[in-house]
Amino acid sequence: MSILVNKDTRVVVQGITGGQGTFHSARMMAAGTNIVAGMTPGKGGQKAVNDVPVFNTVREAVEQTGANASVIFVPARFAADAIIEAADAELPLTVCLTEHIPVMDMIKVRNYIDGTNTRLIGPNCPGLVTPGESNLGIISNDIVKPGPIGVVSKSGTLTYEVVYALSYNGLGQSTCVGIGGDPVAGTDFIDVLEMFEADDQTEEIILMGEIGGNAEEKAAEYIKNHVSKPVTAFIAGATAPPGRKMGHAGAIVDGDSGTAQGKQDALREAGVRVAEHPEQIVEIIMANR
Amino acid sequence: MNLYEYQAKRLFAKYGIPIPQGDVAKTPEEAKAVAEKLGGRVIVKSQVHTGGRGKAGGVKLADDAADAAAKAKEILGLDIKGHVTRTVLIDELAPGGIEQEIYLAILIDRAAKKPMIMASYEGGMDIEEVAATQPEKIFKVWVDPSVGLKGYQATYIASGMGLPKELWKEFGKLLANLYTCFMGSDAELAEINPLVITGEGHLMALDGKVTIDDSALYRQPELAAMEDKEVIPASELKAAEAGVSFIQLDGNIGCMVNGAGLAMTTMDIIQLFGGSPANFLDIGGGADAAKVTTALEIILSDPKVKAVLINIFGGITRGDEVAKGIVAALDAIDTDVPMILRLAGTNAKEGLEILAGANLPTAETLSDAARKAIAAAA
Amino acid sequence: MNLYEYQAKRLFAKYGIPIPQGDVAKTPEEAKAVAEKLGGRVIVKSQVHTGGRGKAGGVKLADDAADAAAKAKEILGLDIKGHVTRTVLIDELAPGGIEQEIYLAILIDRAAKKPMIMASYEGGMDIEEVAATQPEKIFKVWVDPSVGLKGYQATYIASGMGLPKELWKEFGKLLANLYTCFMGSDAELAEINPLVITGEGHLMALDGKVTIDDSALYRQPELAAMEDKEVIPASELKAAEAGVSFIQLDGNIGCMVNGAGLAMTTMDIIQLFGGSPANFLDIGGGADAAKVTTALEIILSDPKVKAVLINIFGGITRGDEVAKGIVAALDAIDTDVPMILRLAGTNAKEGLEILAGANLPTAETLSDAARKAIAAAA
Amino acid sequence: MSILVNKDTRVVVQGITGGQGTFHSARMMAAGTNIVAGMTPGKGGQKAVNDVPVFNTVREAVEQTGANASVIFVPARFAADAIIEAADAELPLTVCLTEHIPVMDMIKVRNYIDGTNTRLIGPNCPGLVTPGESNLGIISNDIVKPGPIGVVSKSGTLTYEVVYALSYNGLGQSTCVGIGGDPVAGTDFIDVLEMFEADDQTEEIILMGEIGGNAEEKAAEYIKNHVSKPVTAFIAGATAPPGRKMGHAGAIVDGDSGTAQGKQDALREAGVRVAEHPEQIVEIIMANR
């Protein structure tokens, strides 16, 4: 098995006729992804890259091709509506790669999709891949390899780095999920941890977080109570300059939470093996297998 | 993007929130003219994007127009935590004095995924300590944007903090206006500290801090135009124009990395092994010669930089293509600062061969690269 | 509350939806003047709160101003299903003719608890038959008011019904305007049938029907003022003023009941036992002498009424108090129409004794009361 | 047992200092209802009828008295916000008696409370009563009696009529719930049927509907599949004049549904005993016990 996507996932690409949509659709198809439709308003009836049929709306694409997942490649100012369109068309899964979506738009999107059965991955993420089955996003298929490690990460290139090292050392992945680092995202660490815990193929889990927010602390709490599989983690940003401080308000709300140290401590306390730099992730896993 | 106090207060006024009369000045003469127009005692306040102005001497009372000019002269040019004062705000004092200082803010609560309103009757400079030691004195409500701010939420805050009943209606209106301002401006924060009850028995915003969501600036042209580009370091401006994410730091090892997470990690590992990063630089997608050249120029414009670590993960962009870009860029730049190059991912091997062929020092792992860069900078 | 076609179209125009030029007239002379101003051929349309105007002769083409006066003369005073025409609308014809008739409506879908948009390329008079026989030709989308109408929803409809692509943008704008109109007016229905593509290649609303939520009229004063009180029966106006809910029917047994459900049930049981109710009347909470008197006056103003059934359930209001109110009211009204009174609930027994003491015919059960009323009216 | 309310229900009355609020609070308390707080903005700190403490907001009332249900007596233009306030204060139950709330307000309210754990009864309803335990609303306590019959109804006075007849004939009620007849309400027949089916005290169920909408048809479908207890039903409005017809749209949407005949047929088909007039309800139940 694997989580979220597999060979049977039927994908519609939102924004398929744009530059990014065309380029990455070809790459995804080369990786074996079953792209059944594209969507660009006003271009319905045309053919996109590799003769993929284009529809004017996601709903039409779903009605006519049975698509059950989408990948969104549209500019930030249209991305929030694209996510809502995917949910309105009752797709079980939509992956939004777009960065710089205004946070209030994402608050409204999250509020909307929470009332639906649609799972959103992202935005501002590299997507997800089940190696050898389906690749929804921009994680290079050249660096992944099927296997027993579940990977969930806020950061794109850091994921590539670690996945590459895993594959290089013969450690394949069940599914790699980039959840994105935006303050309001569709899917949190906990959602993915729950899926990995339930997934037969996944034997152990890598979690890569970043400073800021408290998603890692919450994940630690969840792991302590609900995850039996070994988890190895890395937190990026120990030396990052403090971000814009949001007036007194930021200090009142955040207190001391959100630091790399605090997150590492919380994870260690939950029994997670915490790497000090990304190369150590693979070392820790190799040493314990 | 942060607004200056005077910009925040003008924005508040546009939404019907009472602020003191006042205006900005860039010279003591202008300050005098403003103070004359206001009449009486005034307050002269440094306009910089940082806190702690009061303790740094950036906020002073003036008895009359001449005094205002004198105080402005003291404050203009004042460096507050690296922020040089170029503008002062001259405001009238709260009519009738200050009866009570209230803290009031709306911000985005990332955990709740909603706008949150915070208020306290213990407003003023020590609000952070109040929050830490007497959290029950901070009243919080969360607003669901699909239904908006409700009257009972303003009542809950007013009632909880003990605002006199005759001011509830005024407070409710002010809070509703602040919420409309917050939402209409795509703000991440709108803070009034202090919101005061004046001696005349009305509410007035004596200070203001507003942060706008950078991602929403495209639809906030009036607010975007308020950005004071003069105070942004030239290197950051240049980086922004090239689509490169750059933050200046204090160390001596320049970093050029693709991807924010990997860039942070590269800084982390330099520090872990005893070095000190000079900057955060995320070159973004692609790494062609032009982009690498610009990024290098930005990094090398910092004289503290003693070595540069270039760490590129070849994913969609192949390692050999990146290597060619780097070689071309280094040909075009005249520098003797040592460069340590690390390529990984797709076609990394081919890339490293190209770099080695150009006599460039390479590293295969990130820790190896960090150690070599630290050694080179020592 | 229903708007007349001309009111609906003026409301549309306020929200940027294109409508034909035109104006209303209450006399043939006024109609002539409007037609002269418009020039050329016009259409003269009865303004009544009912459908089927065309088949009833309430809509006629006119070749010129004189003809418009003649057609207005035919239509003014025309009775369409009990609605007498007091006003006509004189509109220009669609510029360049009609290329296509589209059906477009927004209404509240009570099952989905959301505004629903319906559209079809088979617009015009036969849309109901299209809905019944070719439901796939009706395109529907539901709007979540917390996020509003989205562009892709307009695209779905335009694409589905086969609207030419060059009109998609115009249609999207028109639909967005109609949605804004719908929400801003607290409408339960906003319907355009037909929305046409004119010979000049643009969209235009040739007809309009808008229903406003009565409960929201308090915050829609401009729309509330559009109500044409002249066409409301005097009895209903009088009832509304007294806070009594009244609908005139065709039978001969007047009904006075407290509560809508019980009032409907009282009518049902009269019919079930072979009688025919003359009205629906819900007297609401309380049943004092003044209210009972007004209600009785309204019921008895219908000469068809041969008997009256008064059915009051004593809940909060006690049965004895109600009985006293009824006795006082009947004392004040001079009528020989037989009354059957039924009291139930709290203190019903005491109430029935009071009524019996005043020599009023009573019934203990609802079915008993219905049978007695039917017998009295026979 | 019983459903929704019992002796332990701690009630806050929203709008307690108004005429209706004062009058009915006294009546509810006389019926044994445990009213622990009242709420009227600006009157916090005062005492209402029977010395009930008044708070400025529901949240304060909950924080200080542990109230876990509310009854709303406020005018229509403030009622929607009052419901949202109750839900925001995390009350598990709120009963809104107010009539004439604009339908769009109720759509927004329903959308909001569906994302919370608050159950709304009403609006435009007489409330609910568990005889001998707690009475939240305006159903006269004089006409109810504890017993085995669960009653759910759209109509107020019709409920009184039938409950009176039940009690008069010695048939007590477990709980009587007036769900109100507004097009968008907080609680549907199905919600209450589910609770009655699960309630030990309830032996059989009376359902009273009205013409219009399709709630009765849906209830019939639900009864067929999920309700094992006997159900007796009555539909009011067989002779009612057709309501305002919503243009062509109404006909397109409703078709032939919503008539008394259609509802009676659907209920009979689901095995429900359908009374032709309300007196028959009691007759049917008596004949079958």
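Read from first to last, the chains carry the letters A, B, C and D; within each, the first residue is number 1.
Rule of thumb we're sticking to: a contact is a pair of C-beta atoms (placed from the backbone, for glycine too) under 8 Å apart; a residue touches a chain by one contact, two chains touch by 3 or more.
Everything numeric here is computed off the predicted structure, so don't read it as measured data.
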Of C-D and B-D, the pair joined by more C-beta contact pairs is C-D
Longest centre-to-centre distance from chain D, chain (CA-based)
B
Inter-centroid spacing, chain B versus chain A (mean Cα positions, whole Å)
28
Whole-Å distance, C-alpha centre of chain A to that of chain C, is 53
Which chain B residues reach two or more other chains?
144, 146-147
Identify all positions of chain D at which a residue touches two or more other chains, and write them in rising order.
108, 111
Chain C residues touching chain D in their complex are 2, 51, 103, 105, 107-111, 113-116, 118, 127-128, 131-132, 138, 144-146, 183, 186, 188-189, 191, 193, 209, 211, 213-216, 218-219, 247, 249, 257-262, 264-265, 267-272, 277, 280, 313, 315-316, 344-346, 365-367
In their shared complex, at which residues does chain B touch chain D?
144, 146-147, 150-153, 155-156, 159-160, 165, 168
Please output the residues of chain A touching chain D within their complex, sorted ascending.
111, 114-115
As the complex stands, chain A meets chain B at residues 27, 76-77, 100-105, 107-108, 110-111, 138-140, 142-143, 153-161, 164, 181, 183-184, 208, 210-211, 213-214, 234, 236-241, 244-253, 255, 260, 276-279
Interface residues, chain A side, partner chain C - complex
41-42, 44, 56-60, 81, 84-85, 88, 108, 111-112
